[in-house]
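Both of the next two complexes hold chain A, though its partner changes from chain B to chain C.
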Partner chain A sequence: MSESRPCGVIKESYEKDMAFFEKPFHYFAIGILTAILLLVPYMLPEFYVNILMLIAIFGIAIMGLNLLTNAYLFSVMHAALMGVGAFTTAFISQQVPFYIAIPISGIMAALVSVFFGLPSLRIKVFYLLFSTTAAQFIIEWILNWLTRDIPGSAVYTSPIAIANHQFTMPEKYYLYLTITAILAYLIAHINRTPLGKAMVMMAEKDYAAQVQGVNLLKFKTLAFAISGFYAGVAGSLWSYLLGLVTPEHFPFLMSWELLGVGVIVGGLGSYVWGSILGSIMIIVVTQLTTIIVSALAPHLPWLGASAFGLRALMYGVIIALILILEPRGLASLLRKVKRYFDLWPFSY
Partner chain B sequence: MKTILEVKDVYLYFGGVTALNGVNLKLKEGEILALVGPNGSGKTSLLNCICGFYKPQKGRIIYKDRDITKLPPHARAEIGIGRVFQTPYIFHGSVIDNIMVGYVTKQKNPFKLMRMKSAVEAREMAERLIEFVELEMYRKSEALGLPMGIRKRIELARVLMWNPDVLLLDEPTSGLSIDEKRDMARYILELNEVHEKSILLVEHDLSLVHDIAERVIVMDAGVEIAEGSPQEVVKNPEVIKAYLGE
Partner chain C sequence: MVLLEKLILGLAAGTIYGVMALSFVLIYRVGKIVNIAVGDMVLLGSYLIFAFSGLRLIGNPAMNLLLGLVMASFVGLIIAIATERFLMRPLYGQSILALIMMTVALGMILRGFTIVEWGTILRVFPGQHEVFPPVPLKVGVIEIPYVYIWSTVGSLIIFGSFLYLFRKTLFGFAMRAVSLNPEAAATHGISIKRIYTYTWMIGYVAAFLAGLVLGAINGINVTITYLGLARALPAALIGGLDSPGGAMLGGLLLGLIEHSIGTYLNMFIPGIRDIVPYIVLLIVLIVKPYGLFGTERIERV
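Take a look at the complex of A and B:
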């Protein structure tokens, strides 16, 4: 039957009914979160600010991939698309300012994504996974070929600056936060429009969607373009954060990590919160397992070169546990918390 | 009455199987035309050819004096042909989400589709159709978990979002209870009489066909075997033979 709704909330227009935040509590919660995020550079060491920026970068890439996966368009070329964005930024960062380089990188990755996404008109699911696997390796090869004459294939990126003023760490962090917030708003907005719903409708039986008016060429292309753009922007931010990029930064396994951990563990269909939680999983769990393994290694000398394997094992166990306990991803947990407070104090 | 949709000498083969063997059909403006026949007679295949899901090997489909045989399915929807499936195609999302998606056929520009104005307009239209198919209490429910009768109404409402002139209804009452059948018949009649939709109806329930259709075409083994008013065709010896055997 009808879903439970927040108590005492009367919607006076459809626009209000489609709003992201319904109750004062939602505004309060988002306000607190924003305040904490704004204070982070002054409260925590630079290492943690870097971690947050990495979460933002992966979060952006996963947002786009989440939209694509929710339309049953499975892609394991997103690390390579991040690479396209990162290298575009690295190559043009000396000629153009960051506010031009970032969108250009997004557009470049979007074009590449559309090109490799076109077979999705004919092939689906596992076959699409294989074709995007091929795309990942082709793009990796092209990036290697482009950087063949550069020592270590490492391309340096100019720092973010405006009129000779180089951004400090907090300024850079706020820029990353702003870009993440804008892209999160856009993707959440797309989800509430008929366009976003048409993309979901293409999932499973796309032929039936076509008979009911959904132009598959247009909508699939658009899904790949949006998703590629997000990956490109993420790659560009990565490039600015690290100051240099090499093709090895964007391996095939990272594509699987984005899809498997980022989207599935984070929460398929939860474009913003699911993607951010998926990103936290990738970054925080990777860091935590590394710290644990490093602490254990001196006490377990037999571990030796297997330390990396142990880290991967722990990572896998945590992911498996989350999926067993919460099959719809971490976003589902967040929904339960929201629902509890929405209905409080009359949850019955 | 003017012909709005015409099927001219259509042949459809699947390997060695002949699904449609030179079928001809004319749907007049504002008419309810029923297509009946035993299972496997080619009724759904014919609807699939009209909506563009199947490409006939031979023959033509004319809609409003325009040959649409080579048009892709979404383009046929855009020019005013709405198809409702026997098993409704519902995706994961609320009832409103499922209905709102029909708006993409009305507004083709993807950038305009991204605007809040489009979302609100689509929502207003969806709400009006929710009232029409009487689904107010389900509007925010997860559509995939709803019973067949409700899902059929959702799909009907989605197709009505782009206000098609011709509706192709494939067994709209199959799997429904008596009450739900009566409601569906009421919607079909209202769409025809008040909203002037031309309807091509595939149906096994002959009593329903008798009640709402003006004209009936009976098919068997991919060919038309009888045509006329419901009263006439049930007395036709060819029809009796197709349904009951020799």
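Take a look at the complex of A and C:
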């Protein structure tokens, strides 16, 4: 919206300027994508469907984080917020159906997020990284403390069901897809709301925004709440996918993965496609290292324990390369391709 | 008496926190880089010292460890040059988020490398039990482990020599000039790139010393990363992010708090000692974000 357009792209009415999909081609592309995603469970084995669901989960969490980071509010507690959502779901899933448990998990995570985000009124930029680092470890400790009597700290989640009908594979996948689509649709519109406009100003300089009449308390809290809600929903879905959660599922490193690989590599400010690309990056690298290590393990026995290390190494290299070569992330590559085809074949 | 023992232990541990905070503070003050990788630098240091002292070039175990530290420090200098040249230099002048994320990438690379190379098994330095006997030193009724004594001595030496370098020599003067205003310093003939490289070098050497001590106290393991980060950040914040002297004071205060209040609370809620530094961090951030000696940033619209 805010980007300048190349010459040759002419908007003749306000409706066209405000349109969500700018061209008929976009409807076509979204339709094709939807059709492919709907057909996936019938074409690919369940392993790949599971990976798609993981991508959806991380994508949702990264959407929230992307929103927050774009307002220049940094957070490295999002893994812990996912943990809050996941544990809320795990604790209440026996009593309530999933369509109540998921929003409640989101709201719980949003409350925690707002609580630890409140210092953002007083502290700025990277100081916020420190406070959320503290928040991550404190939440993690509290989760451990809550589950101290449970062997292995593992809490089991009952499966998704409506009136004794358990959701099996394609249904579960469609449910995840629907939730992701709804949340992505909502966040794609955020730049048109007062929050989105306030965030653009806050990102530049929050003092200046305040002078211009932006209520910092309201909008910073709102940004943290929305971000926390997304993380909580992601955690809840994670909990339903795996069937059990332990605090070890949400380590500090995962927060950095979400921020570093998810937001920065994916594309800061590109809420939907950047987040999805970042999420794909996280999942693909994870799977790739597992494959590499399991393939090499018979030949190099010392490599067996270090899939974790190889993953961190690859993430580090990817983040460094992206920061040097393409600072706006993979989404800007996507945008460049789009821009090229916008005016193709006569680009002058 | 128990309290006195805890306080002395806290001060001794605090010196090493101060050295880690020094590494963090120096890189922040001179290069304006928030170095999230400080914990990983400590981790790499302890593993490098482990590897080099494992060669057993000298029979005496204490000298062997010391030689390991020196050799690891030389490797650290090379890594510092590479860090500055290949990771940080392309990003100078870019947003603060990019710089922070680059240190995160650096941390991931260092940690990933150590895990791939040495695995996740808990290790101890060769000859550690001869250098730091497990029986603590007894002064009256107070018991102090030997590790803490040697770490205090080592930290104070490093810290003292750094302060001398920073305050009294021409080199330190150049460093302070760059930290104040890089462009003006450059017009006066100071090579900024070189100063940044030296800064990273000092940062790495300080972190490696901390790696030796934390490795000896805790055992060499990936958890050192979080130990290092959890102690370096609050210590640096208490003292003020751009004050090297404040870093040591912050480290000492953090050590005192952790070993007195933390140990006391631990009797009632087991395990809370692990997050005491983070609670301190949050309180400091809310009450006094610029620390005791840090310069307050005045924002103008």
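Some points to look at:
Going forward, the second predicted complex is superposed on the first by the 315 of 348 C-alpha atoms of A that agree within 3 Å, B and C clash if a C-alpha of one lies under 4 Å from a C-alpha of the other, contacts with A are read in each partner's own complex, and residues count from 1 in each chain.
Heads up, the rule we're going with is that a residue touches a chain if its C-beta (ideal position, glycine included) is under 8 Å from a C-beta of that chain, and two chains touch if they have at least 3 such contacts.
Owing to the predicted nature of the structure, the values given are computational and were not obtained by experimental measurement.
In the superposed pair of complexes, A:15 makes contact with chain B only, with no contact to chain C.
By the touch criterion stated above, A:192 is placed in contact with chain B alone, chain C being left untouched. When the two structures are aligned on the shared chain, A:345 is found in touch with neither chain B nor chain C.
Contacts of A:215 after superposition on the shared chain: chain B is touched, whereas chain C is not. In the superposition on chain A, the chain among chain B and chain C reaching more residues of chain A is C. Of the two partner chains placed by the overlay, neither chain B nor chain C lies in contact with A:151. Using the contact criterion defined above for the overlaid structures, shared-chain residue A:207 touches chain B and also reaches chain C.
Once the two complexes are overlaid on the shared chain, A:298 sits clear of chain B and of chain C alike. With both structures placed on the common chain, the touch criterion links A:45 to neither chain B nor chain C.
Once both structures are placed on chain A, chain A residues 205, 207-208, 211 are touched by chain B and, in the other complex, by chain C. Interface of chain A with chain C (complex): residues 69, 72, 74, 119, 122-127, 129-131, 133-135, 137-138, 141, 144-145, 205, 207-208, 211, 252, 256, 259-260, 264, 268, 302-303, 305-306, 308-317, 319-320, 323-324, 327. The touching residues of chain A, counted against chain B in their complex, run 1-3, 5, 13-15, 17-18, 189-190, 192-195, 197-198, 200-201, 203-205, 207-216, 218-219, 222, 269.
Within the complex formed with chain A, the chain B residues making contact are 51-53, 72-75, 77-78, 82-83, 85, 89, 91-93, 97-98, 100-105, 107-108, 110, 113-116, 118-120, 122-124, 127, 137-142, 155, 158-159, 162.
Those residues of chain C that touch chain A in the shared complex are 34, 36, 87, 90-91, 94, 96-98, 100-102, 104-116, 119-121, 226, 229-230, 233, 237, 269, 271-272, 274-275, 278-279, 281-282, 285-286, 289, 299-301.
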